[in-house]
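Look at the two complexes coming up: chain A is in both, with chain B in one and chain C in the other.
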Partner chain A sequence: MIIDKSQISGTRFMFAIAFYLQSSALLTSFIAGVSEQESWIPVLFGILLSLPIIYMFRTFMVKFPDKNFLQVLEMTYGKVIGKIIGATYVWFFINVTSLNLLDLGDFTKLAILRQTPPILVTLLFILISVWAVRHGFNVVARYSSIFTIIEFSIVILSLILLANQIDLNNLLPAFQMPFYKYVQSTHIITTIPLGELVVFLMVTPCVKTISKQQATKYWFLGALMGFIVLLLVLIRDIAVLGNNLHLFTLPGMVSLRLVNLGEALSRIEIIFAVGLTLLLFFKITILLYVSTIAVAQLFGTTQYKNLALIIGIFVVFYSPTLYQNSVEHSNSARTIEPFVNGLFEVILPLLTLIIASILKLPKNKKNMLQKQEA
Partner chain B sequence: MNNIFKRILILFMVIVLLAMLGGCWDSKELNQLFVLTATALDVAKDPKKITVTLQTVNIPQGAGPSGGTKGSEASNGTDAVIILKTESVSLLEGIMTISRDSNRDVLFQHNQIRIIGKELAQKGVIKYLDMLMRDTDARLEVPLVIADGRADEVAYANLAQSTNSGLFLGGFFRDLSKICKEYNVRLIDFARMLLGESVAPIIPIIKLSGGKDKQEIQFIGMAVFKEGKMIGSIDAEETFGLIWSLGDVKNDSMLVREGEDNNAVLHIRNLKTKAEAELEKNGKVKITLDINMMAGLGEVYGFKDYNTEQLMAHLKKLAEERIKDRINDTLLVAKQMKADFFRFGNLIAKKYPKEWKRLKKRWEEELFMQVELNVKAKVKLPRPGEVVNTLEQEKKRDDNR
Partner chain C sequence: MLFRFISRKLRYFSRTLRYKKDDTSDCLEKDEMTYSSTEDTSNEKKEEKLVKNLEDNVKKMQAALAESNDTKVRYFRYGQKKTLKGALIYIDGMVNTTIVYDAILGSLKDCKISEEELKKENLMDIIDKEVLCAIEVKHENTVNKLIEGCLNGDTVLLTEGCACGLVLDSKGYDKRGVFEPKSETVVRGPREGYTEDLRTNTTLIRRKIRNGNLKIEHTIIGRKTRTNVSIIYLEGVANPKVVNTVRQRIDKLDVESILETGYIEEYIEDAPFSPFATISYSEKPDVTAAKILEGRVAIVVDGTPFVLTVPMLLIESFQTAEDYYVRPLYASLVRILRYIAYAITVFAPAIFVALTSFHSELIPTTLLFSIAQSREGTPFPLFLEALLLVFAFELLREAGVRLPKPVGQAISIVGAIIMGEAAVSAGIVGAPMVIVIAVTAVAGFIVPNQNDSLSIIRLVALMLAAIIGLYGILLCFLGLLIHLASLTSFGQPYFDSFGYAQDAQDTVVRMPLWTMEKRPDGIAVGDTTRIKKFVPPLETDMANKDGGDN
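On to the complex of A and B.
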């Protein structure tokens, strides 16, 4: 059954992927604590490592063009096991949504509205996200194209304003840290920002029928745009802050604080706050949409609009309970989360794909395409 | 019925939202604030405590949303600054005590300078900087400065050039940083030097001099730190050597002398330095500094026996020698102090990372002393200014006719 009947074009899908990846660019403090000044090396490796993973996601989209991921699970593993694995994915999606909402709440509490209880901010946010989700994926993704360009301009602007404080020597020396740190950082980068693209497997039915080549093109072009921004932001932070990088919880914010061109063009870290709000809003809305569709699929209903509000409120109250403080949050992000994410983003989809190929699914693919075109 | 109910509900929500989102919660009027311009830290009589002095701008109590003209009447008889002072174990504790005992909130965003007294710097300064890095309000680009003497006297000072020494020092370092970035040591620069590879951080020193009313602040050099404690200082002349070796100096001036009667002042338009490090097998380090200076002629005394082209060539040579001598002298001072404030350690760490791991421990005590410095200076002196010959040269030419 088709839960959400809205359709988006391939280009909009591409921008959605790009914007999703850009959202993770501003939270580079995950790996800064591990690999400090050399964080750009694990990011490069992580990008290379994520290319086959993205290819795997694109294969899902090409093979099962009108089934979202939970439906694929049911087809592959049978109804019972499929629904059980689907339930774990529902847990995963809701968890990721809550973590991002927690990031937003923490950031507002730290830097912008320091005396406001963060739950007010997150509640208002979720209400708007729910409103967007109720109108279908078309509305959710429509946001992405123009804001990709805006965010890109903000990054370029910050590079220009910091040009006199950038010292590319801070990127050296390279390859001086013990080997396990590189492995750990690459693992973190591949699973936390880059692997979360797995959520786009749930929106496959909403993308208009596209050919194999186009699917590849949209996935990889979108990912490339995201990678460029991620690298630019990281290199800028390392070049400006140098060996201070790992001291700060929000390196991007600190970099923008140091802009001082004349008297007027200083203290522009509010641009960072605005950019982060835009990005996190999009990420949370998409994740909320995906969680809602997943729950609707799990329980076999098409009435996802009513579910959206319920899941939204649940996420608002669930997110502050996840960690006791942000130190625990960063600790878990460095140690436990990469493994949990890796299971859902890489291992389970890979297993599903292998089993699906063995079972020669989908059995009536030609019929499916014909039905869609009709 | 339902429609009207819906409309009333929407109207109600709009009114509530307009009232709540107006943001009156956190409003702070100007007459309820102490606008902080300088922070000064000193030793206290109790050796475990420090004296925290906050210098704020005096905004007359009558000013604010109600009167403008009333305020100017009140300010005629009062000082321009209000000093808040306390003794406490840590910086934040001091600030909290001060805010508790005052009727206004302290606004940190306009803090222009942070002054640390010399004695406190010699005891060790790192632990007091934690709050400044952790707090969101405290800005990282505020310059640090050491006061030769007590920092609170600088805060109290009534200068000839400005009634508020904090604002004066803020502008002072802004101007200096246009000449060379290294003069302006912000908290983040200090942190970067502390965490650098065997590098001795430096902070500018200022001295307060003069009588009771018209005091003056002078830049007297740089304080050198090791392990967070001030171990010595270099004076303004020696600072030139450091600045010229770190490079990127604009719009400064250089004094060139030959003998007693011949002086020339050159305008440094641009001085750029490239530093290269070479590590030899036995651990010896050779540093080559390639200095390129573009200069203009500012003022000439004496040099009677030269005509213009000879003078320019001669001054070029003198300037190159002066750069070499100055940098070598300052390096000697650094070696005596066993403090690598030239940041040669960083150069070697970036170029020879594997060897640096082995040599790091020996750098400060041994290897830095054996650094061989090779200064290659190239000066370009294209323009003599508005006048072709000095008056003395003209007279001599006339006499010879």
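On to the complex of A and C.
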């Protein structure tokens, strides 16, 4: 059963991965609370740790190029258990979507529209998201490449503009904290922004057939582009703000606010706000698309277009109920979410992969090879 | 249990939806079938055959032409002894009288073939082969076909004792000459433009592309107007799928009238409710020729100097013919200017409203003060002010376009002095707002092809900005992107972003012509190479010199 018939090229898929990671880069505050100015160390560790995870995702894509993750689960565990695990994944996807939407609502309340009720902001936002989802993954991922490039240029530009504020001594001293802090923040960085790439397992049927080498190339190159921006943004913020980093909800915005070149260039944090909203839009659209496809897969329907609106509205009203305030939100991001996410991003896929290889799935390998050749 | 219940419900829902779809499609097919069958019978009724009697035939023809005043019948006698009767039927004003009298009537009267020979079965053949010196001759034996010939400006020849008529090509009617088009003027480049005559237009294209592969297909559309429509493309370069789609969509048309390309455009376009046009038009043969050479398909309609080309991509609105006639650096600069102008004209009023009424902290303090000063005493909220001025501008523009030229001058004076000066000094609108709208208006003229889309999007952006400020403008921008991504033009994605386009030499910037080795990806199929590898002259000279030294 193919739910969405649209197809995208491998390059576009790569850029989609890249900008999914980039969009997380702008909200780095939750890790700064744990490891403060040493945050760049856990990020490095996290990147190293996420490499095998990405390799695992890539193996899924090579093994099951025309199956989404929920279909793989059903194949591996049988219909009943597969559906049950699939249902938990549906919750996971919807939850991640809601959390990102919550981030957006918090951000607009903090930075752009202080008196507007966040529900109006998120509702309008999700309506346009739904519009995109209804057109299929082709439209959802259309602008991935151009926004990756735009994001890159914004980061590089901000580095140049902040050159006089950057003090690399701020990155030091290193390895001064208790060991468990590094473990905790590495865990956070691996599971929250990096491991979330698990959502891309749901869209693999939409990618035009690619060979093994290409799959590896696209996954790792895409992730690499994301990593670079993630590191650059974090190091920039630490180098500019020093150990005040954890005081701010949006360190990126604060450091851009410090740009002041004579009288000509100041107050460019609006670029940050615009960039963040654009990236969050495409991130949430991908997440909403994935949730919609997952629900459609779970109930065995191909009418995902009608589901998109239902799930979108559900997410809008579900997200404000998650946390009482943003403090609770970031606290949970530090202590609870990494463990929940880890289950869905690492443990379950790994288990599935092992069981699938024991069962020698997929059985019709011949078809798959033919598809790859074609 | 609950889970299975929900899944069953959902499945039922999807199934009913599917059935509904099937039902409607069935109905459509049935409708089409019944419709076409009635059409067939009516056609058969009209198929009236000619008889051997000349008088009867002429009467039939006159009846079919509604005894119209401009129908002329000219009886004559011919043969060696002038005993055979014949008649010429034509429509006055549609024919070239020199051809009718000299080439047709003259040669018939001079004919010296004996009556015995002429009275054989193949009388018309002899006349056709041995007597007439007309260029194009068609043998027809139904009234319908003869009438069609008459209405196209041909002359019909009937003779006594023959149930067959000849349609002789004698078209000749007044037409406009080839002038410089008013809508697309150039500083450098060819100045000829299309006329209202189909044949002149196809000739203008043919003269640009003297290649045997340039194929011109012909159809007639419009039950009442019987308009000639030609589809032109370069065989082996144009995508056969696109050509087929165009052909099918045009053949399927069953409309009463086609008076302009706009009629056809509306019937065959992909997205009729989009503010963006998915079919481009031009008034200049060099533009059409360039597009045909890229693998596009042109549609020429008789009676209008505008020629359509499909598929159209968004990029085309920002490319002008002159981009390719001036040097690349300047062309690129102008093209980037066009993109910026588009952004300005769509979002400038919205951004101004959002900044002043929601995000005044983003405006530099001195500017904020002067804006606040000019706002003092103006009665309306900024949004209303912007709406008022946009409305006034659209009024002026529309008035300027429709009015005859001498009166048009007055409009600009009224616009400049009364709307601008007086409104500000009377305190109805603020001066900054007038400036913003003026910039918007001027920028809008830089992208004339997108005039329809930008005035709609401008209003949407303005309203969203009035409701939720900059965030609303962002949402409008995102919605615009999504909409653009979802559009297609004859199977081709309308806007494929600038990311990593295969033909990036001709999108944001215009690279030198010799870098464009391939035709645009996806539009041209088959023969996609535009030029062979080219090395700039200075480099080849250097290479030669090096070779000589060695």
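Assume the second predicted complex is superposed on the first by the 367 of 374 C-alpha atoms of A that agree within 3 Å, B and C clash if a C-alpha of one lies under 4 Å from a C-alpha of the other, contacts with A are read in each partner's own complex, and residues count from 1 in each chain.
Here, contacts are C-beta pairs under 8 Å (C-beta built on N, C-alpha and C of every residue); 3 or more make two chains touch, one makes a residue touch a chain.
All figures in this text were calculated on a predicted structure; none of them were measured in a lab.
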Chain B versus chain C as contact partner of A:Tyr143, first or second or both or neither: second
Chain B versus chain C as contact partner of A:Thr108, first or second or both or neither: second
Comparison of chain B and chain C by chain A residues contacted: C
First, second, both or neither for A:Gly242, with chain B first and chain C second: first
Touching partner for A:Arg257 - first (chain B), second (chain C), both, neither: first
First (chain B), second (chain C), both or neither touched by A:Gln176: first
Chain B versus chain C as contact partner of A:Leu359, first or second or both or neither: neither
Which superposed partner A:Phe15 touches (first chain B, second chain C, both, neither): second
Contact residues common to both interfaces of chain A (with chain B and with chain C): 267
Residue ranges of chain C in contact with chain A within the complex: 3, 6-7, 10-11, 13-14, 17, 358-359, 361-362, 468-472, 474-475, 478-479, 481-482, 485-486, 496-500
Chain C contact footprint on chain A (complex, rising order): 11, 15, 83, 87, 108, 112-113, 116, 120-121, 124-125, 128, 131-132, 135, 138-139, 142-146, 149, 267, 270, 273-274, 277-278, 281, 298-303, 306
Touching residues on chain B, where the partner in the complex is chain A: 25-26, 133, 136, 139-141, 188, 191-192, 195-196, 349-350, 353-354, 357
Interface residues, chain A side, partner chain B - complex: 110-111, 114-115, 169, 172-173, 176, 241-244, 247, 254, 257-258, 260, 266-267
